[in-house]
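So, here's a batch of structures to check.
Below are two complexes that have chain A in common, paired first with chain B and then with chain C.
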Partner chain A sequence: MEFELLACGGRQIMSVIAPTFRLSYFLKSILDNVFWIIVLVTLVGIPAIQIVLFYIEMPVINGELLTPFLALTWLADPSRAIPIVKAFMYTDFFRIAVFPGFGLAALVAAGTIFVERKMLAKLQLRVGPFYCGKVEGILQLAGDGLKLISKEIIIPAKADKPIFWIAPVAFVGTAAAFVSLIPVAPGWVVADVELGVLAVFAVIGFFPIVTVLSAWSANSKFPFIGGIRALHQMISFEIPLILSLLGVVMLAGTMSLTGIAESQEFIPWIVFLPVGAIVFFICILAELERIPFDLPEAESEIVAGWLTEFSGMMYGLVQLGTYLKLYAFAALFTVMFLGGWSGPMLWPPFPEEIITDGIQLGPITATIPGLPLLDQAMLNGVLWFLLKTVAVIFFILLPRGVFPRIRIDMLLSLGWYKLIGLSFINIFIALALLYAGVLGPGGII
Partner chain B sequence: MADAVFLALSVLTVGSAIAALEMRSLIYGSIALMGSLGGVAGFFFLLDAPFVALFQLAVYVGSIAVLILFTVMLVRRELIFKKIEDKRRKMAGIGLMLVFLVSVGALIMSSGIHQLESDSPPIDFREIGEDFLVYYWPALVVMALILSGAVTGALVLARREVENGSN
Partner chain C sequence: MTMSAQLPPGLQLEKVDERIMTLNVGPQHPGSGHMRIIVQIDGDYIVACDPDPGYVHRGEEKMAEYRNYITNIPHLERPVIHDSCNILYPYVLGAEELLGIEVPERAKYVRVIAAELNRCVYTLYWLAIYGIFLGHSTMFMWPSGDRELFIDLLEKLTGARVTHAYFIPGGVRNDMPANFEDVCLRQVRYFEKRIAEYSDIFYDNPILISRTANTGVLSRNDAIRLGTTGSVLRASGVDYDVRKKEPYDVYDSLDFETNVLKSGDSYARSKVPWLDMMESCRIIRDALSKMPKSGSVRTKLKPNPKGGDTSVYKRVESGRGALGCHIVSRKKPEPYRVKLSVGSFRNLIAMPYLLKGEKLGNMPSVYWSLNYWPVEADR
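Entry: the complex of A and B
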């Protein structure tokens, strides 16, 4: 009762603060807004657009150079907008920023964070995020992001400031470089490197540098201990990781990731090289600092490990980089062992009659040129790729609900003895299959 | 275009090499060393040898530089050696280096090397691999033996004595 009374009182006070409505004031405010919009658009907006357009190379569509006027005309007419969208989709910018690049990876990463929290809660008979967004806490991630952006960034007083500022950005940059090497569908890859596997090794090598530099620059003991642990862990698990991929490279006969994905059109390599797949998966867990190998971030021992001193959006950037890295490793597992985008055709074909006859709505017939926007094979490939990647991500998340953290000496002996030995066994299996003439270039299968 | 990239890479490589020597902070010195090694990788890219360039990145920047960083972080902050600043000695060093580089450059420019031009495509790494397996196989076997000896030695050195029969 008291609460309601208070609320009523509040409303009364509010009504006092707001001025009484007068039509002339209302019209004046609208006219003011219109005036300022016109002034700003003519003096700032249009010149800025002109300057930008001067430097951008416009595409040629249907034999016509796409001027801004033409683009606006076509976009206003939905039946002619599709060629513009299509031309945009084959630009480098779209590849880097949206589809096989950053946008897709960030979307998968965001989904992973939410699913991880919810799934762990279900595993441990908790509720998990629940209140944000009413339905099962679906807006929790947006809330967390807003919180991180609005928080203050605190730099430790005796930190080494340049390195400390650069480290989160460099971490995200390295993860993004890793993402750019992953082929998602035939022809849909940001950087189609001929030596893709080697490029992956070169990029992975930058993670320990960034980690240990950021840990050192914070000038605090918990980050430093965490950074040294991360260095030990990443360096010692990089070797079996590299060795376990060599078997696949031998059998596929190429180092390009696209070529490797194409080489397993019928049978994925995990059928022939299960040992390598298992070793690679364990190395992924260690490289990603996931439980049971989360010693660098062990929150019950060293606060948050090498992330301890990060605050606000710097912490957010490191988390974004971590989950981008998780997506990239899961996608790499898919490409190397699970066959990438290959799979039976599930995607329905685009209806022919819409291309030939157009869409009929009662008396109106709209023929839309430029359809279909994306071909069936590509959509099917993306579907299979995402299904497999999500399954791998699920298996990466699963141990967190089950296993305890292992000791660092057990971790190192696992990495240096057992996994390296197993990856050599994997190489010998691959060699045996190759020399027996079963697989590989010119093999039976 | 290639000239501009070459100049930028030269400035990066030489500049960060000088910085690596002259910086007072060991950490920044090792970061500068990383920049220098990365510049060398860039030269390999310019020379159409991506295989060597990626290995340069993976091994030198990714492993050797990390090793140096790791070592630097474990030493104490205070300098072990007292460096005696002597301006004239520094100038003499710079002069000696300039004389040496100019003379080597003059030698190279007057020799026939810089006039070499060829239209043949760069050698593919696959050909090198085939040569290693067919014509130079003894060298390959010797390298494999040395590497496996090194791996075994590292494992033996790293092995702990089993205490109380449990690991």
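Entry: the complex of A and C
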């Protein structure tokens, strides 16, 4: 065994038993990953940045407008980097693609997939992804993505091809639209809609349509049954979902998501409306088609439900959409019931001298003043928001290791009788609190 | 219409009724096993169900006619490779009677221990698949992992993880290793602790109970009338176990109970094998204590032994129910005919009756709770 290890140039050999930890392998694997990151950044990342730079408004430095061709001079002159980054952060592109929008959601979604696989594995006495990326299977997701991209896309012969092609893209688009409505920190939201809760309901209403379109256009029996099941499930759980949020809207006195998050600066609504929070959480599980409500994808009954005919990256897109949707629902729970970004100040303050004088690092001086992302309150808000969202995601993932799948008739009776009843009880609680003058506009608290 | 008329019954494309859709569940379906179930559904209700086994028919019985009594052993266990001791048991008992061989007392105990270990291996595998059929992935992983305990023990005993080919006419192939008793007791003690945890996550799970209780109910009379065996029969309230009713080898001297549940639904059918595993642990412990500590485990045979001009029928209790083997001998080194009567096929007969009128979501739980192994049914 020792000889084989040496013969393979010190590489680990695939075996059933996890190899013992060795510091040299660990360091080498980190170095390998760093090497590939540098290669990819140079060959893909920097050209992509150059392309983006043509579309953003460049800052004026020393009286002259910086051109995209000169943008990389910040590598030699760090004082130029700050205005460029600042100009980039004020663009809509940044908001949509990077920070409160798609980039953050995709990052959380990728983390969710990894955590889900590892956590479920620990629950089930396995190791989970282990070899890919060498450090605890950290690159498994990238490997899966590469595999999906390189696979052939097979379209059923009798499928309605345009709709079948559009469906995964529309699914991701709907999920991304949902993400864009979520405020992450004060002022940091892609679309700050006045009637934000209504906009959320409108976007959620698109998911069953996309699902049924994709299922029906595949022209196959198992996707059809899965699509109809998804339609039943989503529609019957949308009603308690909407009703359970009405209590919060009444107490907050506004429909704007930013306003609702600001209204619970001191006490989150889950303290007063626990019934609504529970109903909303169960509805999230059903809307996300997660165990115990994964009937539209019930493997042993209808193969993979409405995902059966998707192959290659079309399937990958649907999965991406599913996890974006998971992040969006968890974030919505955070905003509605857990107080969004509000929380005690944890982020350390910036020393005054850094803001005025900049940081001295040997010969280089970097000045930070006025950078929007480095605002202390905002960083603290993002930290709290992500902590709460990750906690909600954890509770969404947990039932998968504990519960079996329930049946469609049990699901419908749960949605129509029990959850709707409970959400009305929640509304009465909210009304009682409102008319007793305890909460709401002009209340005691 | 003309084209679809030429197709076999399950593949017909024309609609029988506007409301009824025909589903082909299997053989390329994650919830079917090596078989096809033609299901006709009206909305979510199953109108008719037609199980169609035979995709893995390998002619084991015919092949047995060309091999002598010893060379038959490794291939007669192929139908259920993870219950290979039990499927060989009736053949070996029958061959011993035909060839007139006496079995040493110690070998009988070793056989019982190996058979009970193998029953646990099979039942855990079956339970793992039952778990994943209901969407419970933890219940897939836990039994799959605990199965390794018994597989390791059997590897220690026989030299192979599956397909042991351990039982032979005249005893067993080799004696136990020196420390087997200690290791076996330790593993069994650990397993009994583990198996109690299954009830926490699976059998006492409210969703599981509400999902499988009162589905696919097989009444006591129907269970007898349809000829079901094993756990399906015992879940319907019939106290029938071949180990108790027609004890073979040393089962009459061992201390164990049969588990009988009254309700006859999917939940009871899934619970009886779990309770049986606990009894298996009891049997193993009892057999280890009562076993003669030394002695031969094998009576040597003459080369190419020949049977008389008779036939013999032997039955044992396998993981799936009563398993019979009918051997006809015509004074030749090869058996004239070997017929395996397997529990899987008998239990499958009940499936169309149970699934009629059920919801489509109950199909996996009812189907797999019948304790049916497609490869064994096809032989």
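One rule holds in what follows: the second predicted complex is superposed on the first by the 355 of 445 C-alpha atoms of A that agree within 3 Å, B and C clash if a C-alpha of one lies under 4 Å from a C-alpha of the other, contacts with A are read in each partner's own complex, and residues count from 1 in each chain.
Heads up, the rule we're going with is that contacts are C-beta pairs under 8 Å (C-beta built on N, C-alpha and C of every residue); 3 or more make two chains touch, one makes a residue touch a chain.
Not measured: the values here are computed from a predicted model.
**Student:** Following the overlay on chain A, give me a clash-or-fit verdict for chain B and chain C.
**Tutor:** Verdict on chain A: chain B and chain C fit.
**Student:** Tell me the contact category for A:L213 with respect to chain B and chain C: first, second, both or neither.
**Tutor:** first
**Student:** Scan A:L295 for contacts with chain B and chain C and give back first, second, both or neither.
**Tutor:** So A:L295 only meets chain C here.
**Student:** By the touch definition at the top of the document, which applies to A:A76: first (chain B), second (chain C), both, or neither?
**Tutor:** In the superposition, A:A76 touches no partner, neither chain B nor chain C.
**Student:** By the touch definition at the top of the document, which applies to A:L23: first (chain B), second (chain C), both, or neither?
**Tutor:** Touch status of A:L23: no partner.
**Student:** One more residue to check, A:V303. First (chain B), second (chain C), both or neither?
**Tutor:** A:V303 contacts chain C only, not chain B.
**Student:** Check the residue A:P404 against both partner chains and state whether it touches chain B (first), chain C (second), both, or neither.
**Tutor:** Only chain C; A:P404 stays clear of chain B.
**Student:** Which partner chains sit in contact with A:V52 here, chain B, chain C, both or neither? Use first/second/both/neither.
**Tutor:** A:V52 sits against neither chain B nor chain C.
**Student:** Rounded to whole Å, what minimum CA distance do you find between chain B and chain C in the overlaid structures?
**Tutor:** Minimum C-alpha separation, chain B to chain C: 7 Å.
**Student:** Just to be sure I follow: which residues of chain A are touched by chain B in one complex and then by chain C in the other one?
**Tutor:** None.
**Student:** Along chain A, where are the residues that touch chain B in the complex?
**Tutor:** 160, 163, 193-195, 198-199, 201-202, 204-206, 208-209, 212-213, 216, 224, 228, 231, 235, 413, 416-417
**Student:** Can you name the residues of chain B that touch chain A in the complex?
**Tutor:** For this pair, the touching residues of chain B are 27, 31, 34, 50-51, 54-55, 57-58, 61-63, 65-66, 69-70, 73, 155, 158, 167.
**Student:** State the interface residues of chain C toward chain A in the complex, per the touch definition above.
**Tutor:** 21, 23, 29-31, 44, 131-142, 145, 201-202, 205, 207-208, 210-211, 359-364
**Student:** Looking at the complex, which residues from chain A come into contact with chain C?
**Tutor:** 120, 123-126, 221-222, 225, 291-292, 294-295, 298-303, 400-410
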